[in-house]
Each structure stands twice: as structure tokens, then as C-alpha cells.
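Paired with subunit B in one complex and with subunit C in the other, subunit A is shared by the two complexes that follow.
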Partner chain A sequence: MKIEKPGLTLYGLCIVMALLASAALLLGVAVSSILLLLLIYAALAYSINFITGMMGYVDFGHVLFMAIGSYALATLVSYYGANPLLGVGLGALLGLVFALGIGLVILRFRGVYFAIATVVLVLAAYNIVLQFPQLGAGGEIIFNLTFQPLATYFTIWTIVLIEIVLTYYVNRSRIGFGIRAIKNEEDAASSVGVSPRTLKLTGYMLGGLFGGAAGAVYAWSISGVTAGPAFDFTFSLLMLAMIIIGGVGTSIGPLLGAVVVYIPSYFLLTTVAQAQPLMIGLLVIIMALFLPDGIVGLLRRSNQRLRLVLE
Partner chain B sequence: MVAAELIVTDLAFGLMLGCVFSVVAHGLNMIWGVVKVVNIAHGEFIMLGAYGAYFLNLFAGLTPLETAPVDAAIGLLVGYAFYYAFLHRELRNKETITLQSEMVTLAATFGLSLFVSNLAIILFTGNPVGVNYNPGTLQFGYVRVPLAALYVAILSVLIIMGTWLFLERTFIGSAIRAYAQDVTATELVGANPAKVASLATALGFAVTMAGGALLTVWIPVGINPLMGALYAPISFVIVVLGGPGKMWGSLVGGLTLGVVIDLLQAFTTAQIAYAAAFLILIPVLVFRPEGLLK
Partner chain C sequence: MPFLEAHNVSKNFGGVQALKDVSLDLPESAVLGLIGPNGSGKSTLLNVIAGVEKPTSGIVKLDGKRIDNLRTNRIIRYGLAKTHQIPKPFSNMTARENLAVAVLYGRRNIHSPRFALEEADRILSMVRMGSRKDALADSLTVQEKKRLELARAIATGASILLLDEVFAGLSPEELKDSIQLFKKLHEELHFSALVVEHVMRAVLSLSQKVMVLEEGRVIATGSPDEIVHDEKVIQAYLGSKNPAT
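Entry: the complex of A and B
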């Protein structure tokens, strides 16, 4: 595989990431705890981008992988007193393994059937977790870690950075062309030598891996996991909203979307809690109907130079 | 024979629950079957139907059975508005719905679901409410059946039968069935595809909202803005079980689900029952993607 020279988009994203890192180091704990959630959002957005963004398979149940990661970290830390970083690793691994198992079955379904299968899997998994006392049986698993905001921050920062670089190179690589071919016309793609099965599974497993990792960091940041919120569809929906708003499949879209979804949540939380999802819902409707390629598409069309640069 | 009594009672309740599940899913089935669009916000319109029953009971003293037609009338208007706001742009001038349009409608109705449920929390608050409707019980041998649930079950079957008769026996119904099979051919014989598709969507919404009203009988203190998150997935499973577009499929899927949930609940826990009910979908999609009905 020949790796091309990286374009301006990747440089730009790296500068943003460098700014995020220095902001946490220079401005202290208060700022980093604000930015932490933004990075978790971004990590989730990039993880679902591998599935819904690149392949066009709408995944309403991505929160499943997040929950798997959360539970992996919570169990490891609270029962075995392990290092949370190990928990993040296990979360990523379990996300990958579950994605392999689930993907082998549900990637056979297309379009709405896939979307519906992802919904019911989350509900089934939630009801199954409630059965296990080891997993809190619907209660909370809490663990006491010494307050370590920078460690959490730089873990998720690293995950997002890896996701960005990976997204960028997958999009430019042979795999990326194959995956986009599947998005456009799966049968035609398979008839010209693209293997949809392998490629789809690859994309889905990448989504599971990073979803699990991000979920583990989320549990770490809130020092616990509860079944109800862990399987809450709101997170699934927000992730999906982020990439629809930002621009599906692109390298820069998920970060843009995460910022758009995150900022109102931060400012409106004090007034009406429902204001954020309400606005996001409205924005998603408008984007889906009138701007299917999101903010990135809008920027590309508005300016000839941006069209060449934005990826 | 306590075990036998238990099974028979649970079977009776499972069947009645299945009937109301069927009617709740039936609106989704009609829209999915005819215009080939899955409304992700389906659960939110069930919720609005249930709130319709609640408010009409609160202010006009109507029972859930009497509110069903009112909800259906509102549903017709909402359905027309929904078609022209969300589907028309994607469906017009197209012979079959493309994967691209499918994604657009999924994303747009998903945004709608987020919008409507959160608007409902702001307007109705998150506190669950309920309709008090209890016309007594009926004794069949050792099975005691609440009349409200029985009326609702009968009405549910009648609604499904009504839509079937409408599609099979009327002129407009034939046009809708033709549209479901071949849009271009429908246009060739002089039907306006947009009119046919919008009518089918509106009917689907009418049934959905009426179903929401009937459902309130089963959830005496469970009407809340987020109830759609449970009833939408249940509806998806039912429609897939029955096969989209098959009017009696809703009943087959609904009864299967109702009985599975009620019987499993009797012998295991509610969580296992619901997990199993949702997981049925996967083997059905793998082995019989066209649904249980031939």
C-alpha cells in the first residue's frame, strides 16, 4: 500500500489536537474536565464513523460497544483493582471481539434491517446485564480511584488522535475505496472484486474497538457504571447526530459534529436539560433532508479551495 | 392443576397483549409495506396517541376506546404533514426507494424522534401519568379477564381487519396495493403516486395514534414521554416477524410476541422475557427474512 503525502486536513486536525493537549497542560484541571467530555464525544463520533459514516450502515445501537467498554473497565478496576489503562485496553479488546461476533451475523442484513437489528441488540443486552449480580444487576458499580484528570484526558486524547489518523488513511487507502464502493452499490462492488464481507467486518470491528475504548474512558471519568445510563439510547443517537451534522465518512466531520453537539450541552445544561437533544434533533432533521453531507459538504460547496482541501 | 391454570391464564393475557401490540405496530407495517420507509419516530407517535387518550380523558372524560377515533383523525392530519415534510422529496419521481433515500429517511425520522420525545418532556414533564378505565372483569372458568383488555383486543383485531378490507375491497385500496408493488405501473394507469403514498402514510399514522390510545389500557401508570423507546423496537420486531406489508402479519407478529413475553415472564423474569422477545428478530431475519407468513 502506497501511502500518499498527507494533506492539509490532517495537518489541521493535528494542530487542533496539539492545541487541545496544550490547553489541558497549561490551563489546568477545570479546563481539561470541560474538554474531556468533548474528546469522549469525538472518540465516539469517530468510532461510529467507521460503520455508519464509511459503509452507510446506520447503526442505532453503537452504545452497546460503549457499554461493553464501560463494564470491562468497571469490573477490572473495582473487583481486581487493576490499572484503569488496562481496563481501557480490555474495553477495546472486548469491543473488538463482540463486534466480530455480532458483525458476522447482523452485517448480512442491509439497510433498515441492519438498523433495526442494532436497536434490538442493545435492548436485549440491557435486559441480560440486569440478570447478572456481578455486573451490578442494574445497580451501580462504583470504584474509587484517586482523582487523575490528566491521565484520563490524555488517554482519550490518544484514542482520538489514533482514530483521526486511522480514519484519514483508511479513507485514502484501498480499503477505503472498497468500503465507499460498498456504500454506493454493494452488489456492484462485489462483482468487481471488492469483498464486502471482509471489508464490512473490518469497518464494524474498528467501530467496536474504539467504541469500547471510549466507553471505558467514559466509565473511568465518571468513576462508575450503571446499567440504565450505560445502555441509554441517547448516547447512540448523539453519536449518530454528530456524524450526520459534521459530515458522514469524512476525517474532519466527526470532530466538527462533536463540537456542534457538545457546545449547546455545555451552555444549556443549566437552563433546560431537554434543550440540547431538542435542538440536535431539529438540526439532524434539517441536515438529513437538505444537507446530507453535513457541514463538511456545505463548506466544500461554498468554496472551491475548501473543496480540494477538506477530506 | 395449578400449573395448567397458570399457563392458560398467561396464554389468555399474552394473546390480549399480543392484540394490542399488533395494532400498535400495524401503522408502522402499513407505511413500511407501502412506501418502503421505516419511521424511526414511530414510538413517539404511539406516545402522542397515548397522551391524546390521557388529555381527552382528563378534560372530556372520554374512555381510551372513545379516544381512539379522535386520535386516528389527528393521526391522519399528522400523517399527511409527515409525508410531505419528510418523505415526498425522497420518494417523488422514483421507481424504487434507493439505499441513499433509505438512509436519508432513517436519519431524518431519527432526528424527528429525538425532537418529539424531548419536546414532550418539556411540555408534559417526565412524570408518568395514566388513564383510569376499569369496566369490570369477566370470568371464563378459572380465568378472570379484565373487560377493558378484552375490548381493546377485539377493537385491535377489528382495526387490522378494517385496514385489510380497505386495501383488498376498495378502489383506493387497490391503488395503494398497486403502489406497494410497482410505482411506475401505478402512474401508468393514471394514479397520482404522491396522493396514493401520502394517503397510505396518513392511514398508517391514524392507526399508530389510535393504537397508542388503546395501549393506555395496558399501562395504567405508564404514559410518559420516553415510552416510545420501548414500543418502537417492539413494533419493529413485530413487523419483521409478520413481514412488512402483510396486513395480517402484524397480528401474527404481535400475538407471537405477546405470548412469548407473557409465558416467559411467568416462568423466568421480565428481563429474560423481553430479551428473548427482542432476540427473536435475529434468527427470523437470518432464516426467514420475508417474515413468518408465506
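Entry: the complex of A and C
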């Protein structure tokens, strides 16, 4: 397949990523630890974007893949003393494999039934983890690694970069056209030859892969995993909030959304922590009512030139 | 050698028999009209042929190959496409993107979106919608949506079109325009078509042959002229001339 010439959107995103890389290198550990969590949020937002953003299948259980990645890394590092990078690889692989297995079943549901199934899956997975002493039996798995902020930082940075480029090219490709058609009108899509089953599974597996990878880096960054927080519903909601605020399905939206959700919450956390979910919730409601296409949609509508450039 | 053929197709929905032993031939580049009162099974027949529904019994063949056990998106590869009675455009995509999807995933299995978009533009101007190519499908008028539905079926590269009431709900002017456009397209593309229609004027002027369904059964087949004079057809539509018999 011939690769099309990239547009301004991709150049812009690459510049932002270059800035993020140099900020970590030049400004030191304090700044990079703030940006690390931002990048983890962004990685999660891009991963759910493949499912909810592009296909329109609302995934309330995306935290499941994050948890799978977290447990993969924590187990590998704490029991086998493996290199955390190996843990990230395993997290991604398990995310992919679980997405394949789960997707074959739950992608048969549509709309609200799919959404409910994703919630149930998380509850089931949480209760399964509680049964296994090897997985901490509901407690925690912690490990001690030498502090290596740059290694963690550039791992998640690389994951986000891959996600951005992939999102961009998937949207422009044949697969992107097919996935958008499914999002718009699934039955009509199959009536012109699109195979919804294959394409939906592809999108879901991409979501699982990157969700797993991001979850592994998250566990790496906090040196462990704890059952309760690992399956916290709030993560799923935050991921959804990020793509809704940024602009569903787009290449810029998840990063924009991650910034909008994360930066204020970082400052609020030190002052009024309880206000954070409230404010994000309000913002999502306002966006859903007045700006269903998120910030990207707003920018596109405001300016004809932006409409052609923003993807 | 007929191109599309159906033999003794029956379809049950629970206890209701929607189609009873329906057979038909659709030779190459022929237009077959399909009429009948509401609920007579016209749309069900199209759905069965297009793979949306599986027949309870009977066989559908395309160029001699059985297609009655294939799914819709596979049947497209054999060159058969169906329009929807109520247009189902990809609402948040532009008219040209709507067609591009059909070009990419249709019979020709194109891989370049750029080529598909060019192809889409060509087909849009063929159906006289060139000026609307960048409009979101959602913002099109009813007539334009119906036309987009037809154009999208053509864009799949199909040589057999199953058209479900593409002429319904149009004003007399629009109807005249659409009939004329259909004739022009048929001359240029030589597709064969199975046309389900309530608008008699459209069916009779387009079809070489007309088939009449009533309660899932074929009650008459013939030229448009024969059909309008057929006793059974008149009875099905208007009731018996002489209620005593």
C-alpha cells in the first residue's frame, strides 16, 4: 500500500511530541514526572479512541486492559526480576490476546448492550483476580526498581508516538473508511461489502494492545499494582472524558483531551481533590450537549482552513 | 442462461409465511419489476436474495453459483447490491465519502482511498449530484438521499441492483427526473435490476417484465401491458369485480 503524504496535523503532533521529549531531557525529574502521568493519560486516551472514538462502541470497561497490562508487568518484574520493558511488551501482548478473545464475544452486542457487557467484564475480572494468591489475592504486588524516570518516560513517549501515527494513518486508510461507515450505520456498511466483524475486532484489538501497554507503564511508574485501584471505574470514565472533550476518533483529540483533563486535575489534587471528578463530569456534560465533536470539532467549525487541516 | 435465478424460495418468520415458493430469473441487463400490495413479501424477497435474511428453503444462484448461504458483505463480491427502502446513508460522512466506502469494499476491492474518492466523484456527477459531493449525507434532501442510496449501490461495482422503492415519496417533477436518470444509467452501465416499487408509473415504464406478489406468492408474471390487464392482479389490488362470485 502506498503511504500518502502526511498533512499538517501529523507534523503539528510530531512537534508537540518533540517538545515533550526535550522538556523531559532539559528540565529534569520534577517536570518529567508531571509529564509522565500526562503521557500515560494520553496513551490511554488514544487506546480507547480506537474503540469508542473510531467505531462508536462505548467502552466503559477499558480499565480492564489497563489492569491486564499492570498485572503483566508487576508479575514479571516482582516474581521473575525481569526488565520492565519486557513487562510492557507482555502487557501489550496480553491486552491484544484478551481483546481478541473478549471481542469475539462482546462485539456481537451493539449500543447500550455492548456498554453494559464491558462493565460486567471489569467486575468479573476483578473478582477473578481476588481468587489468585499469585496476583496478590486482592492485595498488592510491589517491587523495588532503581529509580529510572527517563526510561519510564521515554517508553510511554514512544507508545504515544506510535499511537498518534497509527491513528492518523488508520483514519486516512481504507480501514478508516470502513470503520467510519460502521460507526455511522453498521447494516448499511455491510450492504456495501464492509465486514463489520473483522474491522470491529481489529479496532478492539488495537485498543486492547495499547491499553495493556499503557497500564504496564502505569504500574512501572508507581512500582506496583493494587487490585482495587487497578480496576477503578474512574479510569474508564476519565478515558472516555478525554476523548469526548478532545474530539472522538480524531488524531489530535485524545492528546488535547488528556491535557484538558490532566493539567487542571493535577493542580486541583493539591487543593480540592474532591472537586476534580465533579468538574470533569460537568465539562463532559456541557461538551456532550453543545460540542459533540469536542474541541477539534469546535476549532473545525470556527475556521474554514482549520476544517481542512485538523484530522 | 439467466444471470440471477431463484428457485422455490420460501421464508417463514415464526408462524408467518412471508414467501411461498417464489422463483424468478433475471437475465443480463434486464429490468424486472416487482409489485404487490403492502406486506406481500417484496422487501423480504430482496432481503433474501441480498443475503440480509436466509431463506427457510429454496435456492438463489448468481451466475450458476449458490449465494443463499452467504452474508451480504460476501455477496457484494459477486456483483450484487441492494438499496435500502429507508435510505441509510453514512450520515456524518460526505456524499463522496459515502460512495468511496462502496468503491473500496465493493466488488473491485480497491485499496487506495484517493482513487476511491476520484471514482466517487465520477459516479456522483453521473447521478447529477456532483455539486453536492462535499455535503454531509445528513444534510441531503430526501430525493438526494434516495439518489445517494442508488449511487452507492452502483459504486460497489455491482452488475445486479436490487432497488427497494427508490422512486417512492418523490414529487411528480422529481419522479420524472429520476425515471429519466435511471434509463440513462441503465443504458450506460447495462446493469440488470430487480425493482420493487409502489409507483406504478415508474415500474411500468422501466421494466421489460413485471412480477406480482400477493401474500408471499407469485400470482402473475408478464409484460407491463399484460400485467395491468390481468384479472388476478386487478383483484389483488382492487378486490373482485363481482363480489358474488
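Criterion: the second predicted complex is superposed on the first by the 311 of 311 C-alpha atoms of A that agree within 3 Å, B and C clash if a C-alpha of one lies under 4 Å from a C-alpha of the other, contacts with A are read in each partner's own complex, and residues count from 1 in each chain.
In this text, a residue touches a chain if its C-beta (ideal position, glycine included) is under 8 Å from a C-beta of that chain, and two chains touch if they have at least 3 such contacts.
Every value quoted in this text rests on a predicted model; they were computed, and no experiment measured them.
On the superposed subunit A, the two partners subunit B and subunit C both fit, without a clash. By the touch criterion defined above, A:L240 lies against subunit B but remains apart from subunit C after alignment on the C-alpha atoms of chain A. Using the contact criterion defined above for the overlaid structures, shared-chain residue A:P292 touches subunit B, although it does not reach subunit C.
By the document's definition of touching, neither partner reaches A:V260: not subunit B, not subunit C. The partner that reaches more residues of subunit A, of the two candidates subunit B and subunit C, is B.
For the pair subunit B and subunit C, the model built by superposing on chain A gives 10 Å as the shortest CA-CA distance. When the two complexes are superposed on chain A, none of the residues of subunit A touches both subunit B and subunit C. Looking at the complex, you find that subunit A touches subunit C at residues 1-2, 4, 172-174, 176-178, 180-181, 183-185, 187-196. Remark: subunit B residues 32, 38, 40, 86, 89, 99-100, 102-104, 106-108, 110-119, 121-122, 229-230, 232-233, 236-237, 240, 269, 271-272, 274-276, 278-279, 281-282, 285-286, 289 touch subunit A in the complex.
Residues of subunit A touching subunit B in their complex: 56, 58, 60, 105-106, 108-113, 115-117, 119-121, 123-125, 127-128, 130-131, 233, 237, 240-241, 244, 272, 274, 277-278, 280-289, 292. Those residues of subunit C whose C-beta lies close enough to touch subunit A in the complex are 50, 52, 71-73, 76-77, 81-82, 84, 88-93, 97, 100-102, 104-107, 110-114, 116, 152-153, 155-156.
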